[in-house]
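What follows is chain A paired twice: with chain B in the first complex and chain C in the second.
Right after this comes the complex of A and B.
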């Protein structure tokens, strides 16, 4: 691999050179002999799943590792060796020569200070500017990072800004002293896709205009492939492969890289759905559904004797799902997609409209009829750890609904639960474990098994893979597609990720602000979106180039 | 596809080094429990046997802790008093714990008007110093252990209710409770099987520290003559009785005092250790 790497080094000498870096905490080694370089003005991506050490390498380059870490190897910024620096020398480099932005901008901004002064701070410190000059520059920087009315926004507090704007402020602060290198650790992971696209556009633009070198860390290979010239793939603290973006994406050599590439949502068309053609009575029918929540009344409203308004989370939604279909609901945060799921499982009461299963309004169900409805409609939740009772073992969790619904006695329910474990491809030995002893993907399989324990006809999956690594996500989706055929399920799949939905679902509803903006066959919506909002969603997708069925066949033999 | 590529979850977190706090606390509290249970066999004398000829005898080989003003063996009385004081810990903690947990569960889970009213009641109770309120209630009901326990229950339950309510409110919105509702479990099942076991940790830790307070309160009320009544051997009563002779016979007050302190410390350590253990489990 080394010879290949050398060929990539530009003649001018690298901006940042990381050579044989190993990091360990006590006996646990988290980085093993990591070497890569970044040339001035280059964007390098580091891809890897959780625990791959991709954040650790960047933290060691910024001197931000805890003091318990043992670091060996060498990290050089230009001519300077970084690992031997003292804290005083570090503070002259951080913010001045290297900037860093993080996944969650909210936790890296001081909530009590106006954003303008937070951007001005490093310039006062490093460049010796006066307060007034620094503030003027801060406003100019806000303008640079694409914030409208920058002079006014500079006076805002962080909580007055949206997530995307906070990340722009972080970027403005990081580039305020014109560093040569920006380290961006999952800068867009917490943001909606359309906002993500804009932030990436901004990074690309800064790179082009200012010659800013960028290290972009992400779990999303699609994002990296879009803006990086080179990509480094990490796994379990080691670099498994690095090279030009085109080579990594189109001709991955290492089996893990191949797995990662093939796990990207939308790479592989999953066969889902088993419905019979022809028009039939829909299994689930939603008509004019409106759900609203009271807006909190503040003291001013009380004095003025104003009644609090109600926020409409869903505003006159109508949709129908045929038996055997896989229907996707796509939307960004706050679009009302989770409210729909919660209304179908009767966690929210509609203000208007009806939800019907087999033509029967579910609003008035109670007693035995409600129990029957519960057996027909089940849901898998988003957070794999939070959705399981931490005090119950996997097998207890899966067996509980069976005997509580009187479908079997407790012993038989246990045996049935073990069969369900087989079905979701979990070893039976894991059945005795509690959630905290399982991985995220394993917990999500337990959640699926629990939902299937009552043999439902309709299964609602609300963002069930968004907390999982991409290879795990691909496995869960495949499992769901198989279970759907085997158990004759009808699926309502809710996600913010249009590429997942369109590769997995037959029909798609696009939600925005509590309304349906577009609906149609998944392929149709993805390739020929009609509405402006859907077009924006589709444009913000980061899909790997190429991507064919042939690629999917070369599955890693892991 | 197989699940081989999934990262294997780490094994159950290693127990780490032994939790010394809990061990020390366990030895102290356990020691007192053993002494209390086997008091008649361990204590060298009858705790109430008067021996006026040997009154106010200093600690010696015959009477390790000396004798009091009517010649009763202080060691035997300290050991027998452990029975009263330990029972007091339990009887003073359990009723408020049960009432408070039930109220906290219901008000935290259902919320609404009842919840709001209960919380105002809490604010009202919390506005008065604990001892003053208990003293006032015992003053109305009349002195005696039973009335003391009733007063404790009347004042103590609100703290438990508040504690449980806060836990329940965070658990109520978790996805496993939503899942339980979606699976159609009854509210009773959800509350007892899914909410309660996860809300109980802090209650247990608090109950142990609360028992220190109760024991000190019991001793204080005994001292003031409003709790256990003489001649019952109770640490507070003993200290109160001996206080008149503190110049001639320090041992009458000193040993029950030390006993009170050691059990109090033991219980406090235990509560602290349990709290740490729970936090460690949560973060694991």
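Right after this comes the complex of A and C.
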């Protein structure tokens, strides 16, 4: 497909040419001598982790950097040099000749205006259309980007749309004036995987139909490998490698690219679990668990004596975890996987059903028994920063549960916390730091150490790597696998990412809308999904070519 | 329009609560209300007569039913001092207060808007610093002191404005109420600026502003069409609270400038222990507050679709 598009491109030189661009904020240099180019109709991927400068380079191409940024080098769109433009000239180019879409569509749409008018606005501005004409075209564009009932949806406000629909609206607005270039800054990161697959499909389609050149920024090499013809790898403000997709993925030359490729989830089979063979009493047993939340009702309903509906976050869930197992829970947002975790740690009260640990129902626990239960079941949370007290140092954070549960006095607890730091591979010097002085991965290690401080038997990990870079994610998973063997942990690993779960867990439960749709051995579910929904999930995975082969190899070796 | 219906229904309950509270107000007066109404030197027969004539010998719930019934027919009692219905009194004294409130709004809103925008355009810049320092001074000076000083300087020393009263014609009103309105506005403007400035700065950094820029919108268009509408909501709510407060609470200013408005009426009624007037005024202030809040809610819903839930 890409070669076909390329053939249409006249040989007049690249669409966007970036030459030796450096950007600094005061004394901090965030981009160093970045050069690459995009031909018309091409999809180029920029991969890199947070802080690599991949967003900065695209924002400099759109002139969207804050005024404190000092930019040097040259950026040319066609024949025109962009860096010397004034504000008015920029306005004439942005949205007209190049458009941009962003990571979080929810926050990038004006909450006060109907989406139709937000799509129409650039056309009124740039093409001089009347409001009526522009609105008609906006409806046609909504149809183009795959929104059903476009005429009705054009009248909706952003908060009435789902995340995927909002991103479609952003795309419609960005391509409304038929620009030649679209810059997509992590356009699918905030979306569920099945939605992500559809948005990427749309981008591919727009590229093929309209010859739209796309710069796709992503931290996910798998996504880029799937739709880009060329990939640029960035690290710490520099381009470390760029080349054809096949070369980058199959024959990475730079060590960092190799690390990135190898860190992709599913590349490496981690040896987790230590369970003894044979049937035994499950450690955790969940039966017919239903958790519901009241739907907000208003005064009119009250007067009409309507009983408020209850939203079932979990609907009759049953699962069992053997001691020593690593069990994965997979599902998209709203599937109830976090509700399950919160119910197990007794933060939600079930409407029906039981949770049993070692055969004992946890619903009736109180006093000393409840404390003992809390010591046995610990949880690590999704957001490493938010789940740590910002006013406490790492050591204090880890030591707190130890002395609070009366397992040691404060001084001994501190010593124990220092040992836990070693265990999660954090230098002891970092123990005196507060969360904001630590990186996301380091914070998550502190979170794990805190959870392990009470020597739990069951550890619940709720999306613990989804806020982390892919190389950090690989390290954390490796750490978790090692700790599990050493400390005889049973793991309940919750994630939206099927490839992480299937490479890390022995068994998987697939959740959807509060129910279990499929369960089975991890490899089995990944390679031979039975249910339609699981098949859709598996199909939306973006795996690097050769990934499964590498996986099979390590498995054979293990 | 379901929201209007919903809010009105909520209002009914709030108003009912207000009725109960104002009703109990008279009963919460220390001692026997009949004795209080009759005065210190009344003999027992008079007190008994008053008790009967006011229905105070009936059980509490019956008294409330009578009271609520009277309210529904627009009767909120009789002033002891003026010997007139409280409604008539309020009807007479409300106009200067409403005029003053409107005057304050006209004097306060345009400069507040302009200065907040000037301030938020370059946070930390020279204009911003000056506006903030002067604003803090304006808020820190007590209204009564400012009122007295201004009335002495502009009223007595220079003789530009009258120091008391309300006047007869519209232009007269404007002339008479200028100083009271100004001294209130001087306190109100900085409050509004602070709220609007903070919201403007916050919204100027919002993601949807970046997105608008990426779609080619000019800075002017972005400010008027995107930043300002998004920033105005918190200030609108604050503004509603201030307006309700002004209608019920210009007591200081009205007293200092001897404006014959509700504030003066309240003070006099309190001093004269004219409890029915106090009760009526309390009821009116409460209803006004509820009404203003209602209007602000509707306006918010008009601006923000998310508030229509």
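By definition in this document, the second predicted complex is superposed on the first by the 533 of 558 C-alpha atoms of A that agree within 3 Å, B and C clash if a C-alpha of one lies under 4 Å from a C-alpha of the other, contacts with A are read in each partner's own complex, and residues count from 1 in each chain.
What we mean here is this: contacts are C-beta pairs under 8 Å (C-beta built on N, C-alpha and C of every residue); 3 or more make two chains touch, one makes a residue touch a chain.
Bear in mind that the values here come from a model prediction, so they are computed numbers and not experimental data.
Q: Which term applies to chain B and chain C once both are placed on chain A by superposition, clash or fit?
A: Result for chain B and chain C: fit.
Q: Answer with first, second, both or neither: which of chain B and chain C does A:62 touch in the superposed model?
A: Only chain C is touched by A:62; chain B is not.
Q: In the superposed model, which partner reaches more residues of chain A, chain B or chain C?
A: B
Q: For A:96, select first, second, both or neither according to whether it touches chain B, chain C, the two together, or no partner.
A: A:96: touches chain C, not chain B.
Q: Go through the superposed model and pick first if A:107 touches only chain B, second if only chain C, both, or neither.
A: In the superposed model, A:107 contacts chain C only, not chain B.
Q: A:390 contacts which: chain B (first), chain C (second), both, neither?
A: first
Q: Quick one: classify A:51 as touching chain B (first), chain C (second), both or neither.
A: First partner only, chain B.
Q: Would you check which partner chain A:351 touches, where first means chain B only, second means chain C only, and both and neither mean what they say?
A: Neither chain B nor chain C is touched by A:351.
Q: Between chain B and chain C, what opening angle does the Cα centre of chain A see in the overlaid model, nearest 10 degrees?
A: The C-alpha centres give an angle of about 30 degrees at chain A.
Q: With the two complexes superposed on chain A, say which partner A:124 touches: chain B (first), chain C (second), both, or neither.
A: Once the two structures are laid over each other on A, A:124 reaches no partner at all.
Q: When the two complexes are placed on top of each other via chain A, what is the minimal CA separation of chain B and chain C in Å?
A: 8
Q: Can you pull the chain A residues that chain B and chain C both touch?
A: none
Q: Can you list the chain B residues touching chain A in their complex?
A: Its residues touching chain A are 1-12, 174-176, 178-185, 189, 194, 197-198, 284.
Q: Quick one: in the complex, what on chain C touches chain A?
A: Touch residues, chain C against chain A: 2, 5-6, 9-10, 206-208, 210-219, 221, 226, 229-230, 303-306.
Q: For the complex, which residues does chain A have touching chain C?
A: So the residues of chain A touching chain C come out as 62, 64, 87-88, 90-96, 99-100, 102, 104, 107-112, 121-122, 125-126, 157, 159-160, 170, 173-174, 298-300, 303.
Q: Considering only the defined contacts, which chain A positions touch chain B in the complex?
A: Against chain B, chain A makes touches at 49-51, 259, 342, 345, 347, 370-371, 374-375, 378-379, 381-383, 386-391, 400-401, 404-405, 425-426, 433, 436-439, 441-442, 445, 447, 450-451, 454, 471-472, 474-475, 478, 555-556, 558.
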